[in-house]
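Below you'll find a set of structures to go through.
Okay, so chain A shows up in both of these, paired with chain B first and chain C after.
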Partner chain A sequence: MASDKIIKSRFFFEDEVEEKLAEVPTEEPDSWQADEKLAKVGKPYSRIDGYDKVSGTARYAFDMHLPNMAQAKTLRCPLAHARIKGIDTRKAEKLSGVLAVLTHRNTPEIKWYGTSFLFDTHLRYEGDEVACVIAETESIAEQAIKLINVDYEELDHVVDAKEAMQDSAPKLYDSGNIRNGEPGTYSRGEVEKGFAQADTVIEDTYRTQIAIHNPTEVHCSVVNWDGDRLTVWDSTQGIFRVRDGVANSLNIPLNSVRVIKKYMGGGFGSKLEAGKYTVMAALAAKQIGRPVRITLDRKEMNLAVGNRPDSVQTLKGGVKKDGTLTALFHHSYGAIGAHPSNAQCSWPLKSMYKCDNVKVEEYSVYINAGRARPFRAPGHVQGFFALESLLDDLAEKINMDPLEFRLKNYADKDQVYNIPYTSKVLREAYQKGADAIGWQNRSEKPGSGRGPVKRGIGMSSQIWWGGGGPPAYATLKLNRDGTLRVIAGTQDIGTGTYTFMAQVAAEALELPMEKVEVILGDTAVAPYCGASGGSTTAPSVSPAVRNAAENMKAKLISGAAAHLEVPESQLTYQKGMVNHKTNTDKSIAIDQLVREMGEQVMVSIGKRGANPEGYMINTFGAQFADVQVDTETGKIRVNKIVAAHDIGRVLNVKTLENQMHGGVIQGLSFALMEERVIDRYTGKVVTFNMHDYKMPTIMDMPDIEMFIVSGGDPKISSTGVKGVGEPAMIPTPAAIANAVYNAIGVRIKQLPMTPDKVLNALYR
Partner chain B sequence: MKSFSYHQPKDIREASNLLGDNWQDALLNAGGTDLLGLIKHDIEKPDHLVNLKAVKDLDKVRYQEGKGLSIGALVKLNDLAAMDIVQNKYTVLAEALQETASPQLRNMGTIGGNLCQRPRCWYFRGDFDCLRKGGELCFAADGENKYHCISGGGPCFIVHPSDPAVALLALDASVTIAGKDREYTVPLHDFFVLPEDDVMRENILQPHEIVTRIHVPDLPSNTRSGYIKFKERDVWDFAVVSVAAVLRMGSERIEGGTMAFGGVAPKPWMEKTINDALNRMEVTDTNLDSLAQIAFTDALPLAQNGYKIPLVRNLIKRVIRTLNA
Partner chain C sequence: MHTIINKKQITLSDPMLDKNLLEFIRENLDLTGTKNGCGIGMCGSCMVLVDDKPVQACRKTVRHIVGKKLLTIEGMALADGNLHPLQQAFVDAGAIQCGFCTPGMVLAAHALLLKNNQPSRDQIRKAIHNNLCRCTGYQQIVDAIEQAAHYYRSQRNTSMHTHKIQHTVADSTSQ
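Moving on, here comes the complex of A and B:
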């Protein structure tokens, strides 16, 4: 069996480089080649947890009900900016059925967001946690919350990033409202020289809105103490992150905290960290000696558990007549809410196209609103809307087809680190997408269609990381009846992780799918895997499973050799049997072998191998939109999206299609509907329910056609898989925006492209 | 949510008595689709909830030639929309009903409840002590007002949320109201009130009064009617602007007709100049443009809702073109 070594692993998790020491194998099985046909991997298996979900037997964190369990609800600050002068909880405590009330006065000072606390007396946004009530029922807890009397000193607020950047603005922190006090910057080449070389220069400003994750399942935890040991059922994208966060907050050893998450109703980046609510529930549960369940309601979801920061992006692009991009400049600012986060969105401009002269300056700005969190392709969704709008305008100025313009500036290597990609199959994606949408029929004269309803076609490119990397581990256990258990400390956030893990194991060991069971989402029993974000789960975890299966195979051959008393070299493994190459009498089925050897022996571990040195791993893609715009009402209807992507090897085409549809729909929703609106005078959110925070319905859905142009990327790992969760959404809004311009000949420079904006643009 | 006691009276008089004489003592439960939300979010805090479910005859629809349609207040929106007479004769009403909410809500929601529903203004529905809830300020006036009214506003700027009400107004409907000591019928036109008359209520109902029936007059055989609801998503959304038209079509021109509008004012809205202009109007592009130009000339849009003017004008033209086709 292969030996191991420790390396410093670096890869992009969301839009930041994550660095971790990781144990990786020094040898791995040969990677599945790009054109290799596999028996199970890639096939459209239905989810192995599908029956549990549709029949209602699947228990989500929200569904956990323990005997004697109490319910908790949170009192949140009703003001945009305030200080607690006094708090009187006596009435609430006296209400029959109330078990405890937690505030800053009776809980330890637990650090949060670096400079704040679990319960801070300086409340920086509407929704900031003030108190937590634990009661026999949710309804009693809700009543008790209203009985808490808080004396607030109302402070001046600011809820707009531009205003917050002014010296005169109310300050959230003594150090000012600009995070780190300065913009994030980047440059390569000489941007001024680049603009001087250009025949055409365009500068324009593009705006995107704040969007809320709003997963179907609300944030929630059920916690239970057994002596000094705490079990947490949480709706989370990162069980180990929750374990670490909760243990640190409570100042207890990591091995005292067990985090479990079996199923999840969506996260989209809002569930990548331990929540205050979980720690509040744990404190309360300890105090009352009972299990506690805490849930957020839809309003809390819209205030307090993350959002996509907005952006005001001023872009400048220079181009020669022949289509060569000579310079790109990006200046932006965006609101990150009341606590540290990141509003940067220049990665598309820095990395998508070949351009030697690039300069970037971007500000992340504190405002009195809920803190931003990563949201499905942070920065990229905003950035591509601006970049691709600019690119189409540049192409029009020099009379070049937008697709040809993009091909002219095709990057053959990574533009930021100046290293080759492990693979890039974008040209094929452009071709497939253009053919499927009917690009040749696209009107070259924007807005020239007859009649009030005008049709248009547009496209956008896409780049993202999504290569994953170590550490990620999987354990395999073979049972005496020949069934297999796969155990890993990742979590299925609704994307089909259970199913592809079974497929990879079944593929490598040539077993029927029914013989494979998968255990995920339990920090007490499963080996470490990272959080599920950044489109890294499948590319990180699938190689660990395959490597574990290959190790198991080697162990089976070794065991068979000992049992049959023949050299290992004369044995081969096939479909649950170890066979002698020539002597048909010398063969043994694996269940029999396990009975001979004992189950305890038949455990193998697989580790995600190191990423190749000197390469960038990226996903690529292109989406094409066919829209119609009713110029009398301003309504945009998306008829069709064609999504053509390079995501390495496909693990399961059915769950892949689910993810692709989900991404396109979320992209469409961001392009046309979703927006968190804050009343500027009170600093309070007005879109706190699913009526006013608009998301599309089935009636608003386009046709979605998907093409995967990649076979696999063997340079990355033993499975050659890249992620798809985020790539699916990244180009959708930009493609729609360019299609809208093609339809009406007026550019909408602000998302969401709601009817009022379209009408205002048309009837200016 | 405040606790309340629940009542299920058998007749209207008993229901009216249970409602009492003071605002906020009691609330009626018809379909209940919005009521629970209002109570749960502390917008309404009744001591009593009076369910009309057991009151007889309120769920019946009668049609009599020459006299028209009489609709019980508890008739479900979907049941009404599915009736042949409604679909064939009162098309504008059928279309408005079908455009309301979602299938699930239409299965529960009643016509009476729909007419009496509270506005959807996000300040009214939110944690804002606004005028309509007895506060000092309309937050929408200088706030986030892209969905608010362009006509009839001040000091509050809600829009009335009902679709059927707009259709019924165009159909010249009236409502029967039962109180503890009398029953009377008023034109729908007089049923709704503007904020300038009563900023805390959307209609004339007194605390003890209940809408029992809606009457729609019979229509001449040359009537064509239709409803266009413009909403931001294709289902389960309130109107940004809606237009109801009931036109008597001659061979070459419109003999006469009425139009009513939703999403533009605190009550279902009508403009006399538009109805006058419909009189003997020939449907030509020029005439339609002229009609659109005289529509909503008195509107006073707020900072963010000026787009509703071109929108409503375009919809006026569209609905007439559709009915003339």
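Moving on, here comes the complex of A and C:
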């Protein structure tokens, strides 16, 4: 077998470039062609873990229960900004059933966020960790928390990005509240010249809110020590990240930490890193010599484990009469909370449309609130809302159909790196979407509908990365009975990874699906794969599985050649058999071969190949919204969303539909209802439970029609897959906003578009 | 004092009665299929059936099930471990992503179909409007329930009493 090589792999994970050394195969199977007829891949197989989830046997980290297990709860800072002057835990410790209380005084100084510690005496937001109580039961731990006496020195706080940028604002860090002390900038061409060439220039400011991931399963871990070895069951999107984070924090070898995640109740970006809670539980478990379970409650979820930063985006666009975009300018700031994160949201403007003159200036600002984390298409959801609102206004100014305007400025190559795309099938998406929503019937005069309930149609484009890349590895084990096990260090976060992995293996080895089982989410047994974020899981790991399957075939042919005493070149692999090309007597079934070889299992390893040099990999799409706005109540109802996307090859139609629908409703929710609200005087979050933090139920669902306009993209990988998790959400809010404008003729420039904002816009 | 949990009679003692029903189910009975998503009656992930009616377990105490029948997700599957047709419909229709909301959804749907085996899509929506799903777009859940209704109708047609639909399951609920 050809030897493999190590390369420097770079690809986008969420909205940042990740660079890693990766081992890639030097030889790969021919890529499946765009329209290749495949037997298993692309078919609507039901989830192979479906039984576990509908029967209740699926054990989430939340459900893990070990003998003699203790329970932990966290005391969090009740103030927006404070310093601990003193802390008295004696009463709590005396409470019957309390096993340990951890604070900054009795734990090692463990660095966190690069700017702080596991337990910091400088508390920078409501929800910052102060102490952790371990007790026989959760309710004892909760009682004990109330008995801890903390002497806080209250500090001035700031919870608004704009205020935080002022010199006079309370400082979270000595170096000031602007992350890195300066904005992130980007420019190409000459933006002033571009504006001078324009016939029409529009400048406007758009605002988006802070949103909380709120997966249904709270963040939680169960930890257990065997001597110096630690096992962690965690609700996580990245088992290897948790392993590394926990091992580093505790200063123990990676070998000593095993992280397991079989099922999890959603993450959406909030579970991409090791949590403080896990490390606290591990410290406590070591101290008391018992397993410990730690869970957050819904309030903690809304304070302390991530959010989508808000944005105030001032955009300026210049356009010629013929629709040519001459210049785009983006200035924005957004609150990232109390610790380093990223509020940038200019990628849509930089990359979606052809435009030679672009300038960007964006600030990530510290405030006294929980730290931001990636949230399903970070930056893009808010960025597209602003960009596409501006684009529609520009189109109207020059009397051009919005869709035609977008087609006029269609980018044929990547605008930032000036390189070609591996594939782009967006025109077809526009066409399909427009037909399905009835674009030609759209009223050209916004707000011209009769009666109090007005109907409108709008659209938005989307671009995202989602190409994934190496490193990603998979192991296959072939058993004596011909059944196959696929093992990989990725995780199924609800997206259907278990199922498509089985499909790819079954496809490549031509085996029935029932013969394939998949093991994911265990750092101790599975080879490395990246965290599940950035829509990278399927595009990264599916080729690794295919590669492993091809290696398995080669091994089987080699084994059959030795057994049958014929040259390898005379043998081929088909449907679980190794056959001689001409002599039908000389063939052997793989299960028999494995038995003949006297092995319990045959093992092969597969690797994700390198991405092609000199190309950009992107997903594209367009969504169209049909809405109605009640101009008397201000209520917006979304009747229908049409989602048409280029996501490369579809692995499974059924799980794809889940992803698309789920993305659409999260987008709808961001457009119309979700918002974390902080009281600026107290600096405290007021929307901390599921009653006050509004999320959509079935009653809010529109009709959804979905089109996938792409086939496989053979340039990317042997499977030709791009990701879909994020693309599904990106254009929804913008499409709804444009439809609302089309309905009422007044632009709402701030999300969420709640009835008060609609009425204010209409009657101000 | 007795209660019937997933077809199995168990005895309740006085001090248990004030315990939160969800905690009782998860901790005392070790039935972790019933989830906790909010603890305040807003998400439906703790939904169970008490005398065939949907109840958010996080909002009740054990007292609520005295002398009554409690059904949790573990009591839905058939005695041989095969899925109940409603559960199978969830799998077939792709009505699941992370699955955390699924037990509550299945039970809410079961309660509906026991009393109305020919629900309109609107009635289905109403029946699960207290169940939050953060992952799917709900549509496939409605499809699943609609598909499963056939089964409930066929049970009625073969003149079976609807309660027979609740199959027994060998679980470890006795404590």
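Following the convention adopted for this analysis, the second predicted complex is superposed on the first by the 759 of 764 C-alpha atoms of A that agree within 3 Å, B and C clash if a C-alpha of one lies under 4 Å from a C-alpha of the other, contacts with A are read in each partner's own complex, and residues count from 1 in each chain.
The rule is simple: contacts are C-beta pairs under 8 Å (C-beta built on N, C-alpha and C of every residue); 3 or more make two chains touch, one makes a residue touch a chain.
Treat the numbers as computed from the prediction; the structure is a model and nothing was measured.
Taken together in the superposed arrangement on chain A, chain B and chain C fit without clashing. Of the two partner chains placed by superposition, only chain C is touched by A:Glu217; chain B is not. In the superposition on chain A, contact of A:Phe670 is made with neither chain B nor chain C. Draw one line from the C-alpha centre of chain A to that of chain B and another to that of chain C; the angle between them is 50°, to the nearest 10. Applying the stated contact rule after C-alpha superposition, one finds that A:Trp347 touches neither chain B nor chain C. Once chain A of one complex is fitted onto chain A of the other, the partner contacts of A:Thr687 are limited to chain B, with no touch recorded for chain C. Once the two structures are overlaid, the count of chain A residues touched is higher for C than for its counterpart among chain B and chain C. In the superposition on chain A, contact is made by A:Asp52 with chain C only, not with chain B. When the two complexes are overlaid on their common chain A, residue A:Thr697 makes contact with chain B and with chain C alike. Judged by the touch definition given at the top, the superposed model places A:Phe62 against chain C, while chain B stays out of reach.
In the overlay built on the shared chain, the residue A:Asp756 is in contact with chain B alone; chain C does not reach it. Of all C-alpha pairs linking chain B and chain C after the chain A fit, the shortest spans 5 Å.
Common to the chain B and chain C contact sets on chain A are residues 689, 691, 697-699. Contact residues on chain A toward chain B in their complex (touch as defined above): 78, 139, 142-143, 452, 632-635, 673, 677-682, 684, 686-689, 691-692, 694, 696-700, 754-756, 759-760, 763. Residues of chain B that touch chain A in their complex: 1, 120, 122-123, 125-128, 139, 142-144, 146, 230, 232-237, 240, 304-307, 310-311, 314-315, 317-318.
Interface of chain A with chain C (complex): residues 44, 46-47, 49-60, 62-63, 65, 214-218, 263-266, 268, 297-298, 493-496, 654-655, 657-658, 660-662, 664-666, 689-691, 695, 697-699, 701, 704.
Of all the residues in chain C, the ones that touch chain A in their complex are 26, 30-40, 42-43, 45, 72-74, 76-77, 83, 87-88, 90-92, 94, 96-103, 106, 125, 128-142.
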